[in-house]
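Below, chain A partners chain B and then partners chain C, in two separate complexes.
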Partner chain A sequence: MSEKRMRNAVLTLLGLGLVAVVLYLVQASGNAKLAQVMALFAIWGIAAVSLNLINGTTGILSLGHHGFMLVGGYATALLMLPEAARARISESARSQMTPFTLGLSVESWMRAIGLPGLATPGTLWVRFLIALLIGGLLAMLFGLLVGVPSLRLKGDYLAIVTFGFGEIIRLLASTHLLGPFTNGALGYNGVPGNFGTSLWWTFGILALTVFVMTKLKFSSYGRALQAIREDEIAAEAMGVNLAYHKVFAFALSAFFAGVAGGLWVSYLAAARLDFFLFFLTFFFLVAISVGGTGSYTGVLLGTAVVVFVQQYGDPLEQPYSLHTWLALVGVIIAAVALGAAWLRRSRRLRPVWHPLLFPLLGIGVVAVLTALVGSHWAPLTGTFQAFGMRRILLAVLLVAIMVVRPEGIMGRAEFSWAWVFRERRDQPSDEERAQDAWLSNPELNREASDDEGEG
Partner chain B sequence: MAMLEVNGISKSFGGLQATTDLSFKVEPGEIVSVIGPNGAGKTTLFNLITGVYRPDQGDIRFEGQSIVGLKPNQIVDRGIARTFQNLRLFTNLSVLDNVLIPQHHRLRSTWWSAVLRTPGYRRREQQMHDLALEKLSFFGPRLMSFRLHQPVYVLSYANRRRTEMARAMATGAKMLLLDEPSAGMNPKETVEITDIIRRMRDEGGYTILLVEHKMNLVGEISDRVVVLDYGQKIAEGAYQDVVDDPKVIEAYLGKRAQDEADSEAAAGGQA
Partner chain C sequence: MPWGWIIGLGLVALVIFRIYYVVHVLKARDLAFFVGAMLQSLQLGSLYALIALGYTMVYGIIRLINFAHGDVFMVGAFLAYFLFSRSPYALPWALIWAALSAWGVMFVLNLWRGSFRDPIVIGGGVVAMAGLTYALSATTVNWLLAMLLSMLITGVLGVVIDRVAYRPLRGAPRISLLITAIAMSFFLENTGLLVFTRNQTPFRPPTEWTQYLQFPVFGSTVYTTRLIFLIPLATALLVVALTLFVTRTRLGKAMRASAQDPETAQMMGVNVDRVIATTFLLGSMLAAAGGVLWGLNFGSLNQPAVMGILPGIKAFAAAVIGGIGSLPGAVIGGVLLGFLENFVTALFPRTQHFAGLTEYKDTFAFILLILVLLLRPSGIVGEDLSEKV
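For the complex of A and B:
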């Protein structure tokens, strides 16, 4: 057993080393687009993984994650804002900022407590780390605030409350109430440092998040949270304190969401209200559903899919001629028909070729042929540009996953070396199989069960 | 001092009086059965004791202290655990996890020491693991070795029942409330579960209160029997005395059957 643990540890270290080499190569190659996409993957990964603690592990549908990110993001932006930007804001007539809120700066705090060494440009990273931490803790505070109503509500009702929270916090941020902290609709420009685009920072914090979440999942606390997901009444009857664990899940999840928000603001080098729309939470939900609800490695997989579609989906939204579109639509329809047949075959449904599949396949083939033959046909001249195709693709992907594999690609399972090596502990050895057959065969074990009655 | 003392509890749901002025005691080390026709209020009684419902009137004392108004998980902390009539296992989790979860409430490690796997936490995890195996081994080799890591949904019905009983034992409770432990089991399995319940008391030291419909099981293991009908206690005592009680026969079989039984007895006496 310990030999296997040794092997797993070595393999994990090798895997991490490999990732580090890949990150180094990406950064050294000077491919700015790729580096940017990977940083985005890491930041969204942190948020999606933390959302999975509530949605996947504890089984509470929460839709307010963008609200927690907003809190963390704005806190980080304000605490990191350079003096020059503060001066500009204080001169602006439209700003709602007060002298007090303008003074909230990690840099000036460091000077005030007599640590000028931490106020130099060279130690910007220390200040960023402090700002991230404060942003995370502030988001955690809001997590507690949302976690408390979660004790009385369940299911859809709670989802609506969390959704409402996310929207309320964004709207409040533009009013006089929170305006002094968020600079209202103007937001902050010029958040210093390139931490959000640095692969080492983003992947480092992602690794930390995944470490904490997976270790938590496979600890006693994680089991208690999963018990709540499986059956709340039974969990309580087995001594699990529902109130404590639900609020705990919300608070910890909100903390990492706040950190992700801080990185997100740093990535965009600005904090504005329209960076924290509901679409963020939607992307994370898609990532969780595609990857596997409750599986952190699955969620990373799902995040990769979402980020890939978002970032490399540009060709989908270019103008194309109509016959290209017709051919594409035809191919999709035909593919759906073939896919449905394949699905019916794998599920052993008869007939494999459902009568409705023939017209569907026919329409697809006819569309493709028309497009090929009639490229000069009058109705097919002209072009069409499909705006928003990327999100449509994500939505279609979500539907397809729900139909074919509702539990997501990974289901609830996590990636593990035991899985790679096909080591299954839930299968009997040959000896145990024989023993089991003997136990469950009343002819063989009649005498034995009588003996058992005595002992 | 009685282990569990139920003093005049009443509970109504709207116009339905589910429990009326019910009192009984359970002494340490006893096996007490609660029987009664369908709808007599047996499961309501369990829900009242375990804190799912709160009694309108009366008091429930466990080891001398009132447990009325406590939440279900606080009552587990005090030392009462239950099983459910329609199995409420954590279906997608493994057998081992199912028996580890009820030990969580006694864990004194913080969540960050659990994340960091500190030596203290590892030791407690090992203790929890050992206790889980000890409780599962009550049922022989059935739930051991490879079955430990199987999700509960692949288990047979009888094995799920056994897992649920092991789960209740793993809470560290002194008293177990078993809601129809033999429901859905065949006669052979019922005999086995009867033996298990007896061993839970003799070897495990548990005090047991159970609801059961199978009279042979009740008669074989109960020290005392409490009979409920329409939320009221109509009889209490040793199994033989209780089943001969005319009120109990009436509750189970109806008035006319009772009359017929009487006249038959009279006829038999004359012959």
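For the complex of A and C:
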């Protein structure tokens, strides 16, 4: 047993080393687009993995993750803002910030507590780490606040409440109440961007997050959370403190969401309210649902899918000529008709060709034919650029996965070395054999034989 | 319930006292302003009620918070806009949209007629095809006709959404259903950006209903528009029609039975899927009507990606306040939310030392929603829906 654990640990370390080599190669290759995509994957991965702690492991649908990210992101941005940017804000007439909030800076704190060595440009990373930590802790406070309603509510009502909290945070950030901290609708420009775009930082924190989350999942806390997901009443009967565990899940998840928010702000080198809209939570929801609710491996897989569609989906949003679009629309309509017929056949519904499918197929075919024949027809000349196609694709993907395979690609299975080596536990160990022999031996176990006799 | 009355009357007394304070002590507003705010609240509340009815009917039957309902409302408003204004669609696109919508109409009619060769199904398809091609390619159509057509197509859209996204998930966990609804909402928002427009759109059909109206009150003048008659009246008309449908027809009876207990209703011979489709049809039609009236009220439509979100979530809040699952509750909740939202800003005007509460208007709706869900999830007139062991 311990031999296998040793082997697994070594393999995991080797795998991490391989990832590090790949990261190094990506950075060395100078492919800026690829590096940027990978950094984005890591940042969204942190957020998605942390959302999975609530949505997947604990089984509470939470829709307020963008709010936690906003808290962490704005805190990090404010604490890390360079003096030049602060000077610009204090000169601006439209700014809502006060001298007190403008003075909130890790750099000046370091000077104030007599550590000028930590206020130099060379030690920026220490200050960023401190700012990330503070941002995470602030988000955690909000997580506690949002976690409390989870004690009273369940299911879809709780989901709406978390959504409401996320939106309230975002709406309040633009008002006079929080304006001095967030600079209202203007936000911050000039946040140091060399951490959110650094592969070492983002992947390092991602590895830390995944480590914490997987360790947690297989600890007694994680088992308690999963018990809550399966059946709250049974979990409570088994002695799981529902209130404590739910709020704990919210707080921990919010902490990592805040850290992800800090990296996200650094990645964009600015903090504005429209960076923290509901679409972020939606993307993470897609990642979790597609990858597999409750499986951290699946969540990373899903995040990769989402980031890939978002970052390499540009060809979908290029201008194409109108007859191409007409042909595409026709193909989609015809494909829907054919797909419906296929579904009807696989479900043995008769007639396979429902009369209503013919007109649909007809519309599609006519559209395709028109596009093919009439490419020089006046109404079909010109181009059309389909902005938002990527998001539509993600939404369709989510609906499709919920309808076809609601548990996601991975289900609840995790990646493990035992799975790689196909180690099945279908052979009982000697100890288990001995136990079985004892149970089924009527001379040793009188009760078993009695039961059999009665049956 | 005496406590409800005590709280309600106490609230009314507080509002009256505050109005007195604002008018006579702060002298920030005059009494006519509050009369105007009252009328405006009624207008806004009627709109919320129209949208909330869709939420409450769907929740009553399949226990789904139809996240996409706000976006169905958006689609209704924009459809009407493109029907009555000069449409940007060239003939082939107009034909495709018309053909798709006509097919949808046939699909919906087929649900009740049961046969594709039924003259009503074929006739409905042909009429819809002809009417929509005309409306989409004609330069202008009467806005009332556009509203009716938009209600028709949006209703069909609601049924299609139910068929494609929700019906395969009957019996699945409610959370899965909610996630699907969120995905559908996201889909509609972004498809709206693609198909309709990316900009804020003026919504000014040539009608006399938007003309200004003023009348003297308490020695001052109240300014409003003729919509103060149109919107509450249209809402009342639609609500009465809906109530008659639900209480007087066989399908309405089946609907109430399915809301009470879908399984037993099915055993009694009710086609529950058909009933749910009807629910989506009616809810979406009301949302479309609400969308058109919303456009008339504000004179412009926000861009499609954001237009449906806030009205949708506020209408959901209204449905919860009234008691989700109850039709009168949705209307009461809608009107109440309209009043609360307007009076929170009207009662706390901007003064020398205070920036006013206008910027907290949207936050207020969310806070109200959370408070109601936490403190009294069954709403004002609703039954207790808390899950029993």
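Here is the rule we go by: the second predicted complex is superposed on the first by the 362 of 455 C-alpha atoms of A that agree within 3 Å, B and C clash if a C-alpha of one lies under 4 Å from a C-alpha of the other, contacts with A are read in each partner's own complex, and residues count from 1 in each chain.
Quick note on the criterion: a residue touches a chain if its C-beta (ideal position, glycine included) is under 8 Å from a C-beta of that chain, and two chains touch if they have at least 3 such contacts.
Being a predicted model, the structure only gives us computed values, none of them experimental.
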In the superposition, chain B vs chain C on chain A residues touched: C
Which of chain B and chain C A:233 touches, first, second, both or neither: both
First (chain B), second (chain C), both or neither touched by A:185: neither
Partner chain(s) touched by A:326 [first = chain B, second = chain C, both, neither]: second
Chain B and chain C footprints on chain A, overlapping residues: 233
Sites on chain B touched by chain A in the complex: 50, 52, 71-73, 76-77, 81-82, 84, 88-94, 97, 100-107, 109, 111, 114-117, 121, 124-125, 128, 140-142, 145-151, 167-168, 171, 188, 191-192, 195
Contact footprint of chain C on chain A as seen in their complex: 59, 61, 63, 149, 152-157, 159-161, 163-165, 167-168, 171-172, 174-177, 233, 278-279, 282, 285-286, 289, 322, 326, 329, 333, 354-356, 359-360, 363, 367, 370, 374, 377, 379-380, 386-389, 391-392, 394-396, 398-399, 402-403, 406
For the chain A and chain B complex, residues of the former touching the latter: 211-212, 215-216, 219-221, 223-224, 226-227, 230-231, 233-242, 248, 252, 412, 425-429, 432, 435, 439, 442, 449, 452-453
List of chain C residues in touch with chain A within their complex: 63-65, 90-93, 96, 99-100, 103, 106-107, 110, 116-117, 125, 164-165, 168-169, 172, 174-176, 178-180, 182-184, 186-187, 190-191, 193-194, 198, 305, 309, 313, 316, 355, 359-360, 362-363, 366-367, 369-370, 373-374, 377, 387, 389
